[in-house]
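Everything on this sheet refers to the single structure shown next.
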Amino acid sequence: MRPYARPKVTLPIPQEDRIMTRVSIVGASGYVGGELLRLLLWHPEVTVVQATSGRNAGRYLYQVHPNLRGRTSLQFVHPDKLEPCDLLFLALPHGEAARAMQRYTGLAERIIDCSADFRLTDPAAYKRWYGEDHPAPEWLGRFVYGLPEVSREALRGAQYASGVGCNATASNLALLPLVRAGLIDTSKPVLIEVKVGSSEGGASSTDSSHHPERAGAVRSFAPVGHRHTAEIEQVTCLSNPHLSITSVELVRGALATAHAFAARPIADKDLWQAYRGFAKEQPFVRVVKERQGIYRYPEPKILAGSNFADLGFALDPESGRIVSICAIDNLMKGAAGSAVQCMNLMLGFEETMGLEFPGLHPV
Amino acid sequence: MRPYARPKVTLPIPQEDRIMTRVSIVGASGYVGGELLRLLLWHPEVTVVQATSGRNAGRYLYQVHPNLRGRTSLQFVHPDKLEPCDLLFLALPHGEAARAMQRYTGLAERIIDCSADFRLTDPAAYKRWYGEDHPAPEWLGRFVYGLPEVSREALRGAQYASGVGCNATASNLALLPLVRAGLIDTSKPVLIEVKVGSSEGGASSTDSSHHPERAGAVRSFAPVGHRHTAEIEQVTCLSNPHLSITSVELVRGALATAHAFAARPIADKDLWQAYRGFAKEQPFVRVVKERQGIYRYPEPKILAGSNFADLGFALDPESGRIVSICAIDNLMKGAAGSAVQCMNLMLGFEETMGLEFPGLHPV
Amino acid sequence: MRPYARPKVTLPIPQEDRIMTRVSIVGASGYVGGELLRLLLWHPEVTVVQATSGRNAGRYLYQVHPNLRGRTSLQFVHPDKLEPCDLLFLALPHGEAARAMQRYTGLAERIIDCSADFRLTDPAAYKRWYGEDHPAPEWLGRFVYGLPEVSREALRGAQYASGVGCNATASNLALLPLVRAGLIDTSKPVLIEVKVGSSEGGASSTDSSHHPERAGAVRSFAPVGHRHTAEIEQVTCLSNPHLSITSVELVRGALATAHAFAARPIADKDLWQAYRGFAKEQPFVRVVKERQGIYRYPEPKILAGSNFADLGFALDPESGRIVSICAIDNLMKGAAGSAVQCMNLMLGFEETMGLEFPGLHPV
Amino acid sequence: MRPYARPKVTLPIPQEDRIMTRVSIVGASGYVGGELLRLLLWHPEVTVVQATSGRNAGRYLYQVHPNLRGRTSLQFVHPDKLEPCDLLFLALPHGEAARAMQRYTGLAERIIDCSADFRLTDPAAYKRWYGEDHPAPEWLGRFVYGLPEVSREALRGAQYASGVGCNATASNLALLPLVRAGLIDTSKPVLIEVKVGSSEGGASSTDSSHHPERAGAVRSFAPVGHRHTAEIEQVTCLSNPHLSITSVELVRGALATAHAFAARPIADKDLWQAYRGFAKEQPFVRVVKERQGIYRYPEPKILAGSNFADLGFALDPESGRIVSICAIDNLMKGAAGSAVQCMNLMLGFEETMGLEFPGLHPV
């Protein structure tokens, strides 16, 4: 009997001579690529064999990802020198993965594509939101949507998984407990405001990412028309979710605040039931709702580097408005963390392996 | 002929022997009090005669408001020593002004109360949102709501004016162009998400304002049930505006993002017409909507210290969702700036006097 | 008799028909150019006639400087279209002013050059720190160093003035009270650590100004070898000031912390005397030294937009180490503010005209 | 053969029935206590049995340390209920540990005290810097100074270890490579400027930690006279290090910039040799010095949550000034991280165990 609480540790026995899964990362110089490297270099079951970058070929990883200094002697290789491996992570700009899928599937049996190329299952939705025909529609049906919270069983042993959109993920996780419990009046609008940090924009500097212009911003990035709407429609089956994205002063993190109206008169306990029911099957979902204290609702601040999605809610009993709140680290649960969680499921590892970091406080 | 543009300067001739209006500030050690001092000490038509603070009586103003160092030799006086003057600004905690109105009206002919005590005209609404009967309901009808954008004519020459709530002001100014143009489908919900800085919480430190906890926060401060809802109802006549407040990393500033649905099929030009129509009568309202560049929509970042309310909008033509955006400095247009603008109207000065500061960029 | 304190207001009577001084700004799209515009558009004695920008010719000023929206209808003109005026401000990249001085002096009787081109009087020092011969050494002697705190009399009525380096200005103002009072042991090293905000790097985005990389940075920008050392040598006559620049999370502002050793045993009162003696002749210098409270020493935070240089000090009586602290807004006292102050002196206006803004608190 | 680089993983096999070292934390509700919990709850060789807090007794850990939500079911216990265990961490306010050492040594064989009580070996130094006689001088000699980089061998198997001061640690690690290589001219002053984040001030809110006042600060916290000077003297044996502390906008992190003068003419290669020589024996010291890129010198930004101390340097060949730079996370290498590293040495575990987190980028 162990009378004292302690987090469950499930790391396997590392042995110099045992077989590790060989993974490579294509497009490893961006922020998602860097986060994949951070996770995979410490993952007990895999070995990172190659990290590609056209621009940075020959440079050490730490010259681009300074946190990895002294942790690995790997260098970026040119994409043309990509070799066969067991599993490939693709972290490329929009459209590039779809156009070269033939090549990548020839190099690895399993692929996780972090881009938006294979998230939507419906080519018509793709065309509507991305403004062109899908470059490789025949592949669409072969990719499992890479959010374990919605596709866990399909991901187990799967060959191909898509990544997830960070805004979509925060929105979907905010809405799913309500959707699954049938609590939303679908005749009324569902509105989601996502507040995001600057890392969402990627690693390339732009006029609007220039620090004097971006610092302290509360910037209406996409009041209407954001592409992640399509992923929310697909995952929640809500017919017209209204999405709005605002950039705030933060590097990592996203907070989705979803507003929906209750299908019937409800009380807090109905919501507690819905959220707890959803969370209890999800190793990375926590319900955050306190009557007092500082952290009464989910906050991205304490999630940087962690794979948690914290969910909370509030109810206006008079109007029946439900406010559902989800906080994530956009580079983790909103990108690389979910991708590694997918990998764990695809390869039969413990789902949480390599993703145990609980976040920092204060930070 | 002057061929070149130049802001209109309307400052009067300062003369040592001319009569200045004598104003005092009760509760001058808070953030609204400090901002009133900054504005009034430089106002060409008034002289600040007293600034009261129970806790700081005897200290120099600059010891509490460090920006005023070297600019004034005034000291805080104890509230009991308040003397008669021409106009009193009250910047007290909730409830205190209402309970002592008799005393203040005996001291000054005109009063501007920055608290929430006299904003609502309906005692029932007050009771509903503030949880108790109004302490001085007989005074409610005598106060003009202190937002010149809605009560300009009533404020001219008025004796008593209320202040405004900062979240309410950002929300109201976002909604008024739409309301006045009759563009909102009132059968559908109107949702307003306000993102606010930490100065909104006032000058007293709390556990949640402790810098390690507050820095980088995206904190669901009031997802439902915020009292400023009452002011939005009163000003916009919308029957059930849904308000949600999120604290973000920012000291000064508030951004309201209001979502409403169009009453009829509309296009951008209808919105342009509504916003321009509203703005053209308002010296401190600017319409901000650009197709490109960094500042395509209103942002509080460049408004710190200024009295502007910047308004912008976006339209989702398919769903008819209108997103109306208003940025203000919560301590200026959301509090002290509007109060001084009221004073200008009450005393017959140029409305913009002492409020010309255009904001800083970058900052 | 006026028993109540009130800041001195010295604005002249604006009249449509009176003669204003006509000024133009060359290179008006950068951050110093924008700040000059903010100051000059509201200056009671001047009219901005042209603002040039090669890249932005034809655009409205507010499209680059969003705070100026609605305040002026001026558009950027191409540098080739620069017309004669009374006074030219040059806010160009290093080297450009010097190479075209002939042209500019043909267009305006008076010139204030904000670049580093004419700050050093010694061509040898220029060559040492800028790595090349000065392009127009014959002009060096004709420019007065543009820091009124050191060249006030020479600036009165002067034809040409240089700008100042922001790090140099914070350092010089920190050291001058000690230098003038002869308190520094010059046989021991003098060390100056300047902490600066991101606006110092200018308006163009770079890899290191990308928000995710720059936010929260404490970055050793120039531990040794910074060019502003030359200006410190020239102004303070200290033979080898050791300068070190660190970038911190801040947009506007610079704090210089200078460490020197006392030439003889001293006490706080000697330092008070030195600082007060220096400050009393300087309209924009304030001494900040409190025993308690939050703002015991100078801080750039409350100086954004203001032209003040706040000075403070601490003494380690045992070792004789004097720590002298100067806070400025790098774009104001460190650039545009000092330039306008120079203009006021050159043209015989009140020295503080158009520069009265006291800063914001909190911000 | 494993041709590809991969960080060494040294985690042991967790087994339900194997014996774990039982540790408790006294004063676990502060920031250092919270960081100890984060590290120890995931440490493969220890079990946290108790975490005490007078004020929070009975509350769950996550109610104070929100990042631990869902990770542990432990509750704070009252200090009076502290039970025997194998090793005690004390994270108490100054003076409390020393006054109760008798009790704590009766409860645990080994103690690591994170306070300042047992850092100084000389009671006279303690009296000079802390203003009173040491409450338990007989214990001073029994504590090993808890910085493994200087006391590694003494810490192996030791019974008692002190913690370290965060500013002292950043300063000491900046200076030690130079001191050990004999590169410093000790006849000239050594000056250290430490820039620190707000978490250094602890978990209790104060007037100056109020977010509107602390945000964006560059605040001269202790220009002279900081107590950590004593630890720097003790560790470096420099007779009079001049320390200066400035608070900057940052929650976690400290950057020490030390300025010393070379004892003899040196070049960069001499410094490289000194730093590499120092770093090669230290698992958590990295040398950061790049000719180009963003992260040319150490930065605390990428160290949050990690135990690394990054060291870099610059040389002014003309004056012989050496600038030595050290970045740490003040709560990790500057407090809890070093304490756990000490524990690993005291208990014979792998020194780096439980401390492998490499930091985040971007963040």
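As written, the chains take the letters A, B, C and D, and residue 1 is the first residue of each chain.
Everything below uses one rule, namely that a residue touches a chain if its C-beta (ideal position, glycine included) is under 8 Å from a C-beta of that chain, and two chains touch if they have at least 3 such contacts.
If you're wondering where the values come from, they're calculated on a predicted model, not measured in any experiment.
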| said: Looking only at C-beta pairs that count as contacts, which pair of chains has more of them, A-D or A-C? | reply: A-D
| With chain centres set to the mean of the C-alpha atoms, which chain is at the far end from chain A? | C
| remark: Cα centre of chain A to Cα centre of chain C, whole Å, reads 46
| Per the centroid of Cα atoms for each chain, what is the distance between chain A and chain B, given in Å? | 39
| request: Return the distance between the CA-based centres of chain A and chain D, expressed in whole Å. | output: 33
| request: Would you please write down the residue numbers of chain D that are in contact with two or more other chains? | output: 31, 199, 203, 207, 212, 215-216, 249, 251, 293-294, 299, 362-363
| note | Listed in rising order, chain A residues that touch chain C in their complex are 31, 197-199, 201, 203-207, 209-212, 214-216, 249, 251
| Which residues of chain A touch chain D in their complex? | 2, 4-7, 9-11, 13-14, 16, 20, 22, 31, 34, 38, 41-42, 44, 47-49, 63, 65-74, 199, 203, 251-252, 286, 288, 290, 293-295, 299, 302-306, 308, 310, 356-363
| query | Can you list the chain D residues touching chain C in their complex? | reply | 188-189, 191, 193, 195, 207-208, 212-213, 215-220, 223-225, 240, 242, 244, 246, 248-250, 253, 255, 257, 259, 261, 293-294, 296-301, 312, 314-316, 319, 321, 323, 325, 327, 362-363
